[in-house]
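After this come two complexes, each holding chain A, first together with chain B and then together with chain C.
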Partner chain A sequence: MNDTTITVRRKFDLTNFFLSYGFYILFAVMFVVCGIISPFFLTKDNLMQIMWGATTLLVVAAGGTFVIITGNMDMSVGSLALCSSAIAVYAMNHGAEFSHMVIIIFAVGAAVGAVNGILVTYCKLNSMLATLGMMTLLRGIALNITNGGAQTTLPDEFRMAADFKIGGIAVLIIVSLLILILFQCILRKTRFGAYCYAIGCSEESAKRIGLPIRKVKMAVYILSGICAAFVGFVTCCKVGTYSGTIGNEMEFDVVTVCVMGGTSLLGGRGNIFPGTFIGVVLLYLINNILALTGASPYIYPFAKGLVIFAAMYVDALKNYRRRT
Partner chain B sequence: MKNRIIAFITAGIMALSLAACGGSAEENVKEEENQSTSEESTEEKSSNDKITVGMSFNALMNDVFVKTDEYTKQFGEESTPQVEFIVTSADNDVSKQISDVKDLISKNVDVMCICPEDVAATDTMIKDCQDAGIPVMIQNRPYNPEGQYKPDTFVGVDAEDQGYASVKSVFDQMIEAGETQMNLVICSGSTSDQNSVDRVNGVKRAVEEYADKGAKIVTDLDTDWDPDWLEANLPSTMRANPDANCIYIASDFLLPAAKAALQSTNQWIKNGEEGHIWFAATDVYQEGLDAIGEGYVDADSLMDIVTMSQTIVDQCIALANGEDVEEINIKGPVYTRENYQDEELTELLWG
Partner chain C sequence: MLEMNNITKKFPGVRALDNVTLKAEPGKVLALIGVNGAGKSTLMNILGGILKQDEGEILINEKKVTMNSPKDAEKNGIAFIHQEPLFFSSMSVAQNVFIGNLFKSNFPFLTDNKKAEREAKKYLRLLGADDIDPHSAMEEITIGARQMTEIARSLAMGANIIIFDEPTSSLSLHEKNKLFDVIRKLKQEGKIIIYISHFLDEITELCDDYLVLRDGKMSGAGVVEGLHKEDLVTMVIGQKPSAAEKKAAGNLSEETILKVSHIVSGNLLQDVNFELRKGEILGIWGLMGSGRTELVRAVLGLDRIDAGEVFFMDKDKSLKKIKKNTLLKKVGYVTESRHYDGLFLNMDITNNCTAAKLDNYCTRRMKFIRADKEVQDTKKLIQKLNIKVPDEKTPASLLSGGNQQKVVFAKWLNKGAPVLILDEPTRGVDVGSKMEIYKIIRKIAAEGTSVLLISSEVDEMVDLSDRVIILKRGRITESVEGRDISNSNLMKLALSGGDTHE
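Up next, the complex of A and B:
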């Protein structure tokens, strides 16, 4: 019996390489360029400040990554962040204490996530449309119960939570990073994570092999809801007040950073660490360097728009190459 | 079957939420009353007992607009003849606001009053009103000066003067305190909000005027009215520019965020103590007034919504009677530690 070994040498494809790793290269280049532009950029204080700013988006984007990997969308995250805090403020005005407010924020997040999950899995609504409807609905509820989103000063405990540090690092940064690592482990090391990828790759095939599609989808929407509520909580902690601008346009930022980090809008592909993490940091890095260099305010939306466009274009190119 | 039951339950939850969103039963009754009074107002027009005004807001998610809504309704009830407002909110959506204005036209209002979301879109709304023979007022935010159609009047606050007056007051205080450098960090609102742009233009005018005395702009941060954004980016800006000794915020709405940011850099220091950052603001919310009293904010220019709302009501009556009215830009006073408790000024507060 003859053993024959066939060696297949894969040809190095430069386009593929740039499509897969171009984003990380861009991040590294931007990091260096920013360091050259502003000597203050690479200081410890500034890097901490970038992380501090990113804490809100990091967690909600991690939850969003799960949803997108299953081939769905959650456009209600920004409004959910607002609504959960608004309901907590409403409760505060009716005598609720800090601990009750925190419980309310997360309970609302989980409940709305569950409703989103029901709409998408059991009622078979298109995830984009269902959550867009929820987005409008939640903002309406929030504005209604807080008299048009009037600014409200919150109990001191919120600010104290933001100021609390361990080893000189804000506890909110540590918690966000721990959540990120935990989510990455769930995504990569557990059966649930594998199911998410499988459903995103082909829901039909996942159904045929008997995967619990409904349960998985419900779980990812509840997870995304809780993460959105976390944003509401963190924003309230950072500023110490509630305002009607919490979570404004956050849903678009979530989609942007996920796609920037390599998560496919078609589902089945992506990761939280380093993908989504670097996507979020890059977005805040752009804001940071524009602020540091005193760039014209008119440049901000242009720079952000350019990054979003580039991310979407690269994602479209990747999907096209996969299909062909 | 199971799916249908779940669908019904979900639809029920959505319906309940929508009902909650729609406000209390009392408000619904009020709305119905409004609608019925709008029908009745056609009959009442001949007797000039009541004037119906269609009030289209860009959004009712900010204290400024909410208070304008409250004051105009209050002054409208107190005026002779009475003015009744049918209010719509476009939720920051230009196309919804155009549609809102069309709805109000179909309700046959006597006067249309618009607070536009987008200056560029005022042309369409003004044309629709004028085609229907309804006099139109633009309030609070300016209309398109280069547009083909002009409103019958404009009532607003002089946003440029707000920025100018607040910063000028702080510069004067700084000079008096012996400061030779006035390095200003501007925290602007949004580049798409004309009032915010005008305020910053006013600030720039003040800086130009005081340039020979050491005034200069260090940087201009575009917050897009997002306190979270300001809280995240102001500390880095302050650390990167250690010579910055003066800040302007385009509204007291951003004050809690600016305070949190300066606390994190240990620069939230009272006037008279070493390391105080001179602070100019606009709008005079309660937080701003408290901060003036405590010594953290040095000047705060008022957005005089009370006077603006009264002027809106007065001009609506004049327009309904077919009179010509002049455009008005209301200048607000500047509150400082010396005058913030004056009775005359406290009467104008609304925040």
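Up next, the complex of A and C:
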């Protein structure tokens, strides 16, 4: 056992290269191919359309990336988006103003995030199962207080927020991108971000070194909760009405795009920009090109399913190679 | 100056530490020696604030301190360098060094990674490890470099007392020498160093003072210089009566049932060869980290084999090369942790006993299980192995450790496996059951079953084995038979010359 046998890991390895950067390459290729297939694809309107669709998922996946990097899951985000807006609608029916509704939406997000955090840290529940329970529970609350998810027209301010533009770009898109960049900064440049990675890498080591594991996990869930509430708010803005379909299947989209962007489900590695960002845009790109080529809308879930399999398989391959 | 005076710690039923006094001076390396279970870890856990002593006190620079948590230990400047370094694999070396106290940048909330890298470089240079790039990720650097990073972290956290817990067990010779240089450097700076190791060579090379523990008591302490190795061995293992009768060396069967040739696996196992003969009890002896369990896992195909082959005697009495994973189907494997992978705890004894050979208890076509036959055979096994149970329907979880282990044996006996692999077969078993399990092992060997025995208890090795191969840092260095299998000889072979192969 001389040292050459141990320091072998830095050599260039084609498989590893593809595993690490495959989705970026795929993204670039998709972009070019889509441009060739449909002349309409590369127009400003269409690209804006993609971004406009992606705003909600971008923000909630950014929050979700934090959770996954610490080695946990948050499956309650979709229901939380629904429930927080349902509670806002309930408040509206009891005389609340637009501004109050916005505050309520975000407060509910933060509160539910905190409950998730308590379940995972203090009650020591498995994060996946705890938040799955929360997912069902929140949907139940939403159904109850809105009489089975009946559509409700919201105050005009919501639509106005959606139509508000700066330099021809919807302000919601700008806000989402700013949040994304801010979160990436937090992840890479702050102590909190470093702790997230450390806990995800090895919770045991983090415990022995004395890092504040519980506080960090609580913060991460609260962050994820607020991001989910943002989805509720933005969806209300876009549509102008409340409906029971807000946040449908969003939790699975979050996991998919995080993994597509290179975040490991075992925790400890990944990033929001470019990783999760590319993941989200890629997912919407697929829908977009299917729509442009006039494919049947019923094929969308099928295509998405294939993408999920591919992403999970690549993640499993990467984890296997790291271990051996 | 660190003093631990008259420390006593009781666990239910045992005195883990009995009136132990440890004195470590600045600028000196104190060796802490003892076999597994001698009380080293207990003593260090008390120092680290993980356990609380029942009696005795800890003084640092003549001031009494109390350790209620690992945080307290850290505040008192105590740091541990573990056998397996604590680290965060995807993060940079610099972040790993300063994870406990990251630098703030001038910009509010942000950390200064550049400064961390500069400061980490300083600490690494201090340790003579300039070649480690503070920017590279932990998973990309060698185990030795990870250890250096951990030492740098302890210095960055302001440690004055540094405890090395068997730090060389996964290092190459070159890395080991480097580590020793670093420890000497720390010594010169007046740090208090406690060095825990099994390797006597390392102790004579590196340490100034020593403290030997045996069965929770101090069995020796003093200055290393001028100390004879033989005396140290006696202090470590005590004077033991010579071993019981062995099978004479020539009496072994010539038939080879399992042959392992040139196995290379992972970072540890290097070119391992051995043969297991019919009816033989072959011991694999080595210290913690020598690769005992890894060897068995590699042979069974549970871990990846990078090179080498495994041969197994077929029905037609010829050795055939076997595919990976298939050995497990042919042999019985009594694992180290029966609660984890040895027993179905929630199931009753009958189901446990028949689990490995369920096909025998099925109706021919529809594969219904014939419970009456199961019970019948289980009753026989209970009688044969003297398992003490109310009835054969008792859940395995309700049995004592010794009886649980007997059920594990019953399972493999029922399967009729020609080879039994025993990994620590009497761990957590009381003395009475231990003797009975020894009897069972000898009996099945006499009936023609071959046994591969792995144990960290030297007495067990000596009592049971017909032949012992010595494993050291992933290589077989020696093979002893008959009278040569004795307490002192085995210890000597395992302890001395840790690096003869370089």
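Here is the rule we use: the second predicted complex is superposed on the first by the 313 of 324 C-alpha atoms of A that agree within 3 Å, B and C clash if a C-alpha of one lies under 4 Å from a C-alpha of the other, contacts with A are read in each partner's own complex, and residues count from 1 in each chain.
We adopt the following convention: a residue touches a chain if its C-beta (ideal position, glycine included) is under 8 Å from a C-beta of that chain, and two chains touch if they have at least 3 such contacts.
None of these values were measured; they are calculated from a predicted model.
In the superposition on chain A, A:S205 contacts chain C only, with no contact to chain B. In the superposition on chain A, A:G168 makes contact with neither chain B nor chain C. Judged by the number of chain A residues each one touches, B leads among chain B and chain C.
In the superposed model, A:R322 makes contact with chain C only, not with chain B.
Of the two partner chains, chain C is the only one that A:A194 touches; chain B does not reach it.
Judged by the touch definition given at the top, the superposed model places A:G95 against neither chain B nor chain C. When the two structures are aligned on the shared chain, A:T241 is found in touch with chain B, with no touch to chain C. Once the two complexes are overlaid on the shared chain, A:G268 sits against chain C while remaining clear of chain B. Within the complex formed with chain C, the chain A residues making contact are 1-3, 5-7, 9-10, 185, 189-191, 194-195, 197-198, 200-202, 204-206, 208-211, 268-269, 322, 324. The touching residues of chain C, when paired with chain A in their complex, are 70-71, 74, 86-91, 95, 99-100, 102, 109-111, 113, 139-140, 142-144, 153, 172-175, 267, 270, 304, 473-474. For chain B in complex with chain A, the residues that touch the partner chain are 3, 6-7, 10, 13-14, 17-18, 20-23, 60-63, 65-66, 91, 188, 191, 218-222, 224-229, 231-233, 235-237, 239-240, 253, 256-257, 259-260, 285, 287.
Those residues of chain A whose C-beta lies close enough to touch chain B in the complex are 38, 40, 43, 45-46, 49-50, 52-53, 56, 115, 118-119, 122-124, 133, 137, 139-141, 143-145, 147-151, 153, 159, 162, 235, 238-241, 243-246, 248, 284, 287-288, 291-292, 294, 296-298, 300-301.
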